[in-house]
Every structure is written in C-alpha cells, then in structure tokens.
Amino acid sequence: MQVNENFEPVIVAFCCNWCSYAGADLSGTNRLNYPTNVKIIRVPCSCRVNPIFILRAFQRGADGVIICGCHPGDCHYTSGNYFTRRRITLLYSMLDFLGIERNRTRLEWVSAAEGAKFAAVMNQFTEDVRKLGPNRRLEDLRCRKQ
Amino acid sequence: MFRISAEKLNDLFDRIASKQTLYIPVDREDKAAEYKKYESGMTLSSALNTVRSAKDFFFPQTENLAEFRLSGKTIEVKDIRSEHEDFVIFGVRACDARSFGILDSVFLSEPVDTFYKNRRDHGTIVTMACTRPEETCFCTTFGINPTMPGGDVSVFPDGTGYSFLANTEKGKEFMAEISDMLEEGNPAQLAKVQENTRNILKRLPLANLKTDSFGGERLMKHFSSEKWAELSESCIGCGTCTFVCPTCQCYDIRDFDTGNGIKRFRCWDSCMYSDFTKMAHGNSRNSQLERFRQRFMHKLVYHPSNHEGEFGCVGCGRCLSKCPISMNIVKVMKALEDK
Amino acid sequence: MNKNEKDWIDITSGVNVRKCMRCGKCTATCPSYAEMEYHPHQFVYMVEKGDIEPLLNSDSLYKCLTCFACVERCPRGVEPAKVVEAVRLTAVRKQGNNHLIPDQIPAMLDDDMPQQAIVTAFRKYTK
Amino acid sequence: MQEAMIKRAKELLADGTVNRVMGWKKGEFVYDTTPAVFETAEELEKEFVCNDFTQANLSKYLIKESRKEGKILAFLKPCDTYSFNQLLKEHRIIRENVYVIGIPGGPKLDMEKIKAKGISGILDVKNENFTLKIETLYGTETMPFYEAVSGKCADCKSKKHVVYDELIGEDGDVLASRRFDMVEKLENMTSQERYDFWRGELSKCIRCNACRNVCPACTCENCVFDNPKSGIDQKAAADSFEENMFHIIRAFHVAGRCTDCGECSRVCPQNIPLHLLNRKFIKDINSLYGEYQAGADTTSKCPLTDYDTDDCEPSIVHERGVE
Amino acid sequence: MQRIGVFVCHCGTNIAATVDVKAVAQALANEPGVVISQDYQYMCSESGQDLVKAAIKEHNLSGVVVCSCSPRMHENTFRKAASAAGLNPYLVEIANIREQCSWIHKDIASATEKAVVLGKAAVAKVHLNTPLTAGESPVVKRALVIGGGIAGIQTALDIAEAGFEVDIVEKEPTIGGKMAQIDKTFPTLDCAACILTPKMVEAAQNEKITIHSFSEISDVKGFVGNFTVTIKKKARFVDETKCTGCGLCTEKCPMKKVPNEFNMGLDNRTAVYIPFTQAVPKVATIDPNYCMMLKNGKCGICSKVCSVGAIDYKQTDRFVEQKYGAIVVATGFNPIKLDKYDEFAYSWCPDVVTSLELERLMNAAGPNGGTLLRPSDKKHPHTIVFVQCVGSRCDDEKGKPYCSKICCMYTAKHAMLIREKYPDTEVYVFYIDVRTPGKNFDEFYRRAVEQYGVHYIKGMVGKVSPKADGTIDVQASDLLSNEQLHIDADMVVLAAAIEPDKTARPLATMLTTQMDTNDFFTEAHPKLRPVESATAGIFLSGACQGPKDIPETVAQASAAAAKAIGLLCKNSITCNPCVAHSDELMCNGCSACEKVCPYGAITYQDKEFRMPDRTTAIRRVASVNPAVCQGCGACTVACPSGAMDLNGFSNSQIMSEVDAICK
C-alpha cells in the first residue's frame, strides 16, 4: 500500500471517564507525546459507546476510531467494559466482514495509571491508520472535505 | 419499418453508446434484470422486465436539489442544477413507457418540476414490444397494448431480429443516427409474432381484470369499504410496492448536514410508511389500514379523478411478484370490484 | 559487560531474568547442586549482570540435568533451567562445535545411567 | 396437511378455545399466499391454504394479534416457533392469548428460483415425486424440487418446534446445517474481495425496509432509522455509506436476538443475501461466546446482554483469517 | 437561539506556551451560537471565575465552554461558578486543552489547531446540553457490617458509639474471626484474647448493635442511603433466644469425632458445639453434617439434656429483610490452601504446619493446652524450620502475586515465643526478604535475632522430605554463603499467603463493588478514598481490601466507621443527575436495558398509552430510578430503539462532538 507522507488521519478516541480519560490526562501530566490527530471524546464508560457513534465518525471523515476503557474487572460500573468487549468485538468483526480495514478500529484497556500506555497506544494506532491511508470504504462522500 | 438482425444488436449498441449514454436491461448474477449503463460486450436481458422500473432515469431515488453553506452568520445558497447529458434507455416495456406519461402528468404540470423535465428532455426512450408476457401481467386492463409499446422509438422483436419504428421527432433523430445499420423489415414475420403474442395475452390469468368498478366517481363507496381492514391486515408497511412501482411519484425533501454545509435532497417516499407526510401536528394517516387504503385509492380513484380518468397503475406486475406478503393491487381490485 | 551476549541469551531463553526476586529456591531444589560451580540462582543473577564469561567457561553448564525442578519450583516463573540452556547454547555456538558429539556418547554410558539422563544428554548435545 | 389444519382450526373455533385463526390465504396464483386472520369456519374452508409456498413467518403478527380480544390460533412452522419464543422472551407477545399449533416446516419453494431457470408465465406448480411439474403459458416445464427450495429452507437449522400447545405431524430435530458455509467463504476472502462483494450487494438496496419490517426481531415502536430524534434517520440511502450504515446497525440491533428465520433475504426485492450479516453475528457469537440459538428457550441470557469475565479481546478480529 | 460563552484559559504558560490561546478564542467566536469568546491567564482563579460569572449575567448566556485543563480537575469549579451566576451548572462544558493538548504537543500551529477542534466539539455539545437538577434521596439511619472479625466489630462499635443502629452479619456461629484464633500479637506479645474478647462482649451488649451470627447475605438491592438487604439466618437447630450457652449438650453429644475448625482441624469437637469458650453469642450450634439426629433421626440426646428446650431439629434457614443506609464490608482473609505445594510435604506430613496451625498449637486453649508438641507423635520439637513467602510473591497460578505483609512479623513472633519458652529448640527462618516496616516492627525482628538467637537464613526451602526416623529433611539454599543446606528438623512451619475470604467475590457482585484480580475489594482511590469502595455507600474495613495486620485493620475499621457515620448523619444525599432515562413512547419493553444494568435501576411497568391511531394500548415500558442509576450508559447501547438515553452524555451530544471533530 502506498503511504502518503502528507496524509494526516483524523482519529476519534472514545475514552471512559474513570480510567482511560484519566490515563490520557496522566500522559499529559507526564508530557508524553502523541499525535495531534487523536481527539478524545469523554464518555462515562466504554459501554456508552454506541456502534452508531463509530459509524458516524467514519461517515464524517474519521480515518480511525479507538475506544479505551478500564481494564476488564476494573470497570467503575462493575460490568460496563465487559459489555463493551462483547459488543465491540462483534462490531469490529462485522466491519471486517464487510471489508472495512481492520486497523481502522481498535479497543484498548487503559487504566488511570497507564499514561505511558495511552501515549504508546495512540502513537501506534495513528501510525497504523496513517499506513492505511484515508478512509474510503466507510466514508460518506457528501461529507468529504472540499 | 427497419430491421436489424439479432447478431448485430450489439454493434448497434456500440454505435449508440459512442454518441450518448445508453442504458440497457441486463441480467444480474441472480438472474434478475436491471438497467445498466451499456459497456461493450453486455448482453441484452431476455427477462420480461427489470426489478426496478425505468422511472429511475427521470425520477431517481435520491436527487440533490440545492446546497447551503453557513459562513459566519450568513447563509450562502448554491444552485447545483446543471443541464443533464443526453441518454438513451433501450428496452423499455409498454407498461413502463406508459408510466412516463403518468409521471409527466404530475411533474410536468404547473409548476413544472425542472429536475424531472431536464432529465425527460434529454432522454430518448426506446421501447421493446413484449412477446412473452408473464402471468403477473395485466397492462391490458389499463388499455396498454404490449405489442405496440410506444416511446420515442418502438422496437419489435421477431425472433431473429428487431424492427424499429420511430414515434416522435426525437425518435426520428435517433433513427437517423443509426439508419445505416438497419435493413428492410420483414412485416410478415413480425405480424406472426404479434399475432402469437395477442393470443397469449388473451390467455393471461389476469386478462379479465377490469377497471369498470373504479374511477373518480367511486370515491366514497371505496373509501368507506369494509374490505380495507381485511386487505391491509397483513401489510407490513414496507415500501417495496412503492419503490418497484413505475408510477409512484411521492418524494420527501430532506436536509443533510455534511459538517461543511447542508445538502438538500429529495428521495422517494412511500405512503405505506408510518412517517409519510408527517407534519407538525403528527401524521395524517395513523394506521396501516389508512396508509394501505391511500395507496390503492390513489391509484384507482384519486389519480383518475385528477387526471382525466387515467389510472395510476400500468399493470406491470412488479408489486405482484415483489410484495413480501403477496398483497397487491390485483387482490384489492378484485375485492372491491362490483359483484 | 557483553551486551550482545546477554541479549542473545535473553532472546534464546525467552526468560526475563529481571523477574528473579533472589529467593534461591532454584538452588535449594537443585539435584545437581553439589556438582555445580555456579548454581541455578547464580546463572540467573550473573546473566542479569551480564557477567556471562565465567559461566561460559564453567563446567556447570554441563552439570545441569535439565530436570526442570527449578522451573517447577520457581515462585516467579523465571525458569532458570532455560537460562542455563541458553548459556550452554551460547557456549556451543561459540566453540563452533559441540561439547560432545552424539557418537561419543554411547561409550560413556553405563548400566546405571538413567534413561532420562540419556535422553536429556541427547537433547543437550545435539543442538 | 392443509385439510388436517383446517379441521383442527374449525374444532378449536367451535369449542371456543380460540376466536381467530392465523394462517395463510390463497392468492391469485399458486404461490402468492398472504398471511391472514380467519374468523369463521367458512372463511377457513374457502381461503385457508398451506402449501409449498406458505413461507411467511407468522410470529411477528402475533405481537399485535395477541393484544386483541380473545385467543388466536397460530400455525407455526419450526423456524417460526423460534421467532415466537424470542418474542415471548422480549415480552412482545402475550402467551396466554395465543394457541400455538406446530406444523411441519418446509422445504418451501421460492418462485424466484423457478423463474431464474427461465421458466415464465407460471400457472401452476405441482410436486410430483420431488420433480416439479410447472404449467406455464408456454407449455409444461419440469425441474428438480430441490433446485427450487427457498434459501431459508435450504439452510434449515432445525425441524424442532421449541414452543407449541399441540402439534400436527411429527416433531423434528435440530439439524446439523451447513448454514455458515457462505459466511466462512466470505471470511476466507481478502478484505478487498469482501468489500467488493458487499458493495455489489448492498448497492442494490432500494431501502424499501421490507427486511426490517418483516423481521420478527425488529419490533421497535419506532426504528432509529425512522426517528428524526435519533440523529441517524434516513429515508433512502443518499450515499453508499447509508446503505452500509443501515444494514450494519440493523444487523447489530438484532444480534443475539436473530433466530435466523431467513425472512429478510426472502422478502428482499433485490435478492440481497442479508441473512449473511445476521449469520456472521451468530457464527461469531457461537465461536466466541459459546453456542447460542436465539429463541431456543425463553430464559437464557442474550449474549449481548451477558458477559463472561474471560471473554476474548476484540484483537481476535485483528488476528484471525485474512486481512 | 443559544447564547454561548467561550472562555480560554492560558493556565499561566501551561497552555499558552504551546497553544495560541488568542487564536483559539478568536476561532471559537465564529462558531454558531457563540456570543462571547475570551481568554484569560488563570480561568480557575477567583478573578477568572468572576469573568465567567460576569459574562453569564451580562450576555445572558445559555451555555458555557471553558477551554482549560482536564474536566476531572476543574469541571466542578466552573459548574459552581455558573451556578453562582444563575446558570444551571450542567450547561457548562470543558474542552481539555491542557492535559490532552498543550502538554503533549510541541508544535504551536498543530496544537492550536487541535485546541480549536476540541473547543468546537465542546461548543457543539453545549448546544445540546439541557439544565439538569440533581435529585435527593433519603438516608436510612442504619448500617450493616458484613463480617464479625476484629474489623467488623471495631467498625460496628464505632458506628454504634455515634448513635446509629448497626447490624453485624457473621457467617460463623460466633464473631471474633481470625483474631480469636491467634495466641499472642506482635509487636507487644500481649494476649490476643485479652484484647478481642472484651470487644466481642461489648458488641454483644451494645443495644445499638444486632449480631446476626451464622448468617449470610443473600441479596442486596437499592443504593446509597437506601439498601435493602436480605440476610439468610442459617439453621443452627438451636433456638438462640433460649440457649444459655451452658455447654451441657456439647458434653453429652455422642458424636465426638468432628474436626474442630477453630483449632484448624488439629483436634475434634462434637456435632453440637460452641466454637470456643468466649464465643459471642455463646450459643450452641448443631452441625447437620455430623448430627445423628439430623442425619438419620437417631439420637436426640442434646434435646433431652437441654434444660431450656433450646434444641430445635426442625429449624430451617430464615430470611430477614432489613434496610440500611450504609454497608461496611469486613469479610477478612484466610490462609491459602497449600495442597499444591508438593515440595513442602504439607499434605502428607503432619509435622509440616501452617503458621495459623502453629498459633493453635501454642495456644493455651488449643489442642495441647499450650504446650508445643509435634502433631505426629506429641513429642517436643528440637529443631523448627520456618519457611517464609509460601505462596506469596508468586508469579504462577499456585500462589499469589502480592506480599501477604503479616508473615514476617508473625514468624518473628513465633520464633521468639518458641525460643523463650523452649530455649533448647533451634529455630531457623528461611526468608527472601524480611519486611518489617512499622512502628517498633524492625526492632521486634532484630530482637528475635539478637536476643533470642533465631537463625535467619537468606534463601528459600526447595524441598521438605519427611524421613523414616520421624525427622524431616529440609533442603534449602543459603544465598549469602552460596550453599545448599540440609537441616534435620522436627517441625516445619509454613507462612502461607493470605487471600480474601471466598465469600467476598459473590458478595462483591451483589454489592456491585469492584474487586482486583486477587479478589481484594478495590478502594475508590488508594490515597484519597482508601476506605470507600467506588460504589457509593459501600465502605471497606480490614483485610478484605488488602493484607493487613491487626493495628492497621483496627485503624481502617474506625476510618470506615467514620465514613459510614458521615453518610448516616445526613438526612438525604444528592444524586448524580447524569442518569439514564427512557422515552416511553419509543420503548418497546424488550428488557435488554434491564439485563445490562449493574445497579438494578431499571424496572418495567405496564402503562396505558394513547396511540397515534387514536386507540389506547397497554404497553410495557422501562423506567429508570434516578437515585439508583449511576449513569454508565450500558442500557443506552443495549436499547435497539434508542429509547434509552443518558443525561449529560446523550446520543445527540456525543454525535455532535463526533461531527465537530471529524469536520
């Protein structure tokens, strides 16, 4: 696949308020860099992420979507991330089944203590998406930037 | 009448396609036929009709109407209309050909729908006479003669070739372009084929379906019929009948916020849908019975009432074969007709 | 410290020597203890320090029975036997030939030699 | 079969067990049967039909019918009983108001498959020893019965009735079907091939909503795609994205609830193999979270409202099969 | 039309150094609905907040966006400020341009661009914010303490002291827990019973405290301030109200071969029993697994000898339902099972014992009356080997990854006690590390070495092999002298790791509290809220939260009590308004939401609706109890019809953020 050096992917990260958002804050507190491409949306729990939001992001021009939640067993709401894990596994599998590139979607568990992991995950994910190039298979042409 | 032999049909398509966009019905993998933009080597479908009707060419399922953009606190409106390119639809059956007239009566009456007119002006309709009608066909009920299909140019298959007859000015222009490829017709052979078709038409299971019990003057009788409840009870309220119908012309206008502006578009709507003509106060027809009744009343009563007796159905039979629960206009007509 | 050698051992053994918490249970459990100049815990510790040269030159390498008692007992899952094995492998590769060649082995066998030891020996010397 | 059903229905009407009968009504042709409610013995005698073409799943109608006055008799094929059970589980059907008679299932026939053979002008279809004798306007044609079997019956998962008050005919067993073969075939394609396959299929969609409206799992009062408040309502696929969106979300919303009754693909006027999307979810659920058959009972937890602390991670999607 | 104010904070140079704050303010000023966009040095400062307040009043703002640090930092600050200025606090949104922008990016241009996008997303969201009002729910003035060990007793006493009713639920027939089994305590070497038993009696006599012994929790419903708990009072076949604890039945019971769990199975008890003399409540219990009468209806002696007629063979489990405002978990710990450690021969050599067993062997009330004798032959042991870290600090599935914390100290205590009482006995302690932080702890351990001559050897025991002569060969390493040792020991004492009680896991599920992978309850915050669980109204006391010694346990017990008292003092508590709600017109009653709700906040009811077609219909619809809902949003995704939505994080709000970011 051709890598366009100038391609700057748009990446939407859904982070649960209790672990991953705090993890993202920690990576900021520790001044750990990750690309500006990543924009975080705070949700109370990873289980709040509706598959519709993920598709919506792709529709509107996102090139990658990542969901971050508490590690399984650590959910602030006890079980939210267990539901997330099932739902998102199935959804990603379906997107893959429809021929959407696998590396455009990811789910990671990042605790409030894992600032370094958060930054590393975002660096890696951004690179993976950059390699894929712009999202063409699940975009809405009407929303493409002129 | 001029004729081309079946082997040379694709040469003819190549010629037409070299001048303007040509659409012909082709078979899909699932053996259903659909109109496709002609590319060299495509084979004309032998199916009687396409799943989707030919109305799509003039009244597509979605069509952009305008664009707006917010810049600062002002709204900028962008007119996106442009002249449509010339195109030819080949192989339209008599029923679909008639449907254009019905659509015209809606879209071309004042105020004229310029989007529709634009497409209509640039489209040349080449029809194809039927030789193997299906059991679901009932075009003759509405006075359509499938052996004389109309359109700008009529094409008559005779088994080994196709005869061409121009019906309109546009048709004559079309014929002039291809005249060098045509040879003299064989009226005798054609007459035999037509005779054969007429015989089959008489034997069609729905050949005796009559419109006598319908029309504008029968409004109250049919509207208040007790039959609707039974007829509509298993309707699932989908839009299949509407969307495969060549004469249904209802649409909804919607705005889509792209994030960089608004695109205003129209798209087909179905009176079978629960949110059809939803207004501020809510819906005007709240039960499936009312919605179901609307669809058939429109075709059989309101349309002839508003358009000089012309029914809103051409008997193409698509809804008969596509309705998920096999409820259709024929069953409605039979239930409501005078006994 | 020979960093390359250490990395090589880390990779070939697949062992993270830093997991060792210096409890010595490996040595406490080692049946070859008396024969060994360097004991299992020393292997782990010295590899961690990068102090590999003495190990390479020691006979201890070949005294390990690869019985895996240390692997079984280690509370941290360090797997000292694998470290020993990796060091041994380094030695073998360094010398360019084997400590023993398989043909030499039959002559060294006696009736008391347990079958397991013979199998282990073959495993060791035919790398 | 049809006679036995009519006879039993008349008995139950007569003794007051039920006041209505849900079945299928004859049409203009042999194949265009319509789900219908019968209220009298005369209607049953005259119009009731159960033949090779009575495919429609009646379960969904019982949501509405079970809320009416009195009890209704419903004839359910094995596959329909799964839908019925699933609807019971979701509190959509009032069980007391339905008298279920299990009837043998298919294989039912698909007219489209007969027509795809180039047979047209069909006047009658008779099954003679598993050869179809088809009367047409253009003479008599024959074809093997099994080549005309509808897609949903060809992949039949079970001939067992999971819920009924009484049975007409024998009860069957859960079958070892090969229904996941096509899903597997797609899984083994490359991502690009899969994309092309689905683009080809989904671009045919005319958004008639037949799949959704017929689906016994789609019983929302107001579908998100019809509800302007949802922010994702759409009336037609104005962009290929919307085609994908509709079918992905619809499949997701019925995931773990879809009984694989096959109605979606049966009714699709464009013959899109929509059931493959649902089957993909079923296959994934079975392989990742343990065998689960929606509608097999009314008590087990739907895999999507349940979890196991040891569930696999989504990375499994990234790791398996072909990219 | 919205009137939104945007406030961009410099945070000194924290933000301003890498984000062009003026440009951000300018860019956001052009967003629809924005009527004022300002930047300021420190938005969170008094004057910064005044700026926001003034703008709210002056421009009659309908929404506020603050571009500043993480909302986890100052969201509350700005909500309070908005509230003070008369704007509903939930109409404030924070764009995190410090932690998630200025601090992680170096390039000013791209960081500024990102800050603008984050700001736009917040503006887009605030457009859809709705005023929310936090509800209130009353607090039941009664606490439940689960577990009647020293932690539970201390917590209950403290809460009762503050004047609130407390119930203790203990699964054993008596309260007292592990401490009741312990002989002496470190570092003072005073008698455990002398400390514990007066507290047990105090708890029994305190009129505010109700003890449910031999009871378990079978169900927990409700939420902070209003829990409804079902307590299962297991059948003990003795009427607690009649039994005087005279013990006559236990003397007469013919079934005398029941392993005595109180003495770690080192001796036997009778089928009807009182665990120990100072048991509270001092009531007999019949063990149905051994009682002849209950097993085959033959015996009935206890019933005959009981002068008060307390024996009731027909007794069944009873369920008591009670409402509580606060729950304290004090389920304690147990030593792990050592049957997987073949190398220590624990399973088959009676002279290899655990420390808790040694505790009983040395106890005056223990099986040997306080004389230390080998269990196998009742001989006096001359060499005793202690093995530390058995199952602790293990990276495998056999043991536990954590340090059990108390073993170093109790082993020093045991070694010291043995050397003091039996100076002829040699004591060896094999250790990996000696961990004795704490007041007077290291001094204590040094005393064992220096004053009592205990042999501390750095190394681990590799193999314990009982020999034919009755001694035990202990093969170990001495790491400091780089040797493998063999010691002929008479007894081996294993410092088994401790683990949370097995009842804790199902309890956590009922309480919807979190546990770590080791089944210790997780505190809400290790430093800020160490005795609270993340679930409001559930507090943690003692070793259920992590390994602890007695002083720490008691300290935490009192701390948990203080937290519970703090809650019980309130008449009502404010609820989080960011809760789910269901649109009844959309709800189809499928119950998917109910099944994923971890709090049981969703209930269904049949309601009559007027349908669009002018008929009425009874429909089953979901409703959310806002006091119970914690706002996770699991239900919103489970709901296929989109009927369920979440205040503060609604579908449309999140989608508007997505749109703004992807634009």
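Each chain carries a letter (A, B, C, D and E) given by its place in the written order, and its residues are counted from 1.
Note that in this section a residue touches a chain if its C-beta (ideal position, glycine included) is under 8 Å from a C-beta of that chain, and two chains touch if they have at least 3 such contacts.
The structure displayed is predicted, hence computed values, not measured ones.
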item	value
Labels of chains that are neighbours to chain A and to chain E	B, D
Contact distance in steps, from chain C to chain D	2
Most central chain, judged by mean C-alpha position against the global CA mean	A
Between the pairs B-E and C-E, the one where more C-beta pairs touch	C-E
Geometric centre distance via CA averages, chain E-chain D, whole Å	49
Intercentroid distance (Cα basis), chain D paired with chain A, Å	36
Between chain C and chain B, distance of the C-alpha-averaged centres to the nearest whole Å	84
Multi-chain contact residues (two or more partners), chain B	256, 259-260, 263, 274
Residue list for chain D, restricted to those that touch at least two other chains	224, 232, 238, 304-306
Full enumeration of touching chain pairs	A-B, A-D, A-E, B-D, B-E, C-E, D-E
Sites on chain D touched by chain B in the complex	27-29, 31-37, 56, 60-61, 111-112, 115-116, 118, 120-123, 136-138, 204, 206-210, 212-214, 226, 235-238, 263, 266-267, 269-271
Chain D-touching residues of chain A, taken from the complex the two chains share	51-52, 55-56, 58-59, 72-73, 79, 82-83, 85-103, 106-107, 137-142
Contact set on chain B toward chain A in their complex	256, 258-260, 263
Sites on chain C touched by chain E in the complex	19, 21-30, 33-34, 39, 41-42, 69, 73, 75-77
Chain D-facing residues of chain E, complex	585-592, 595-596, 604, 617-620, 638, 640-643, 651-652, 655
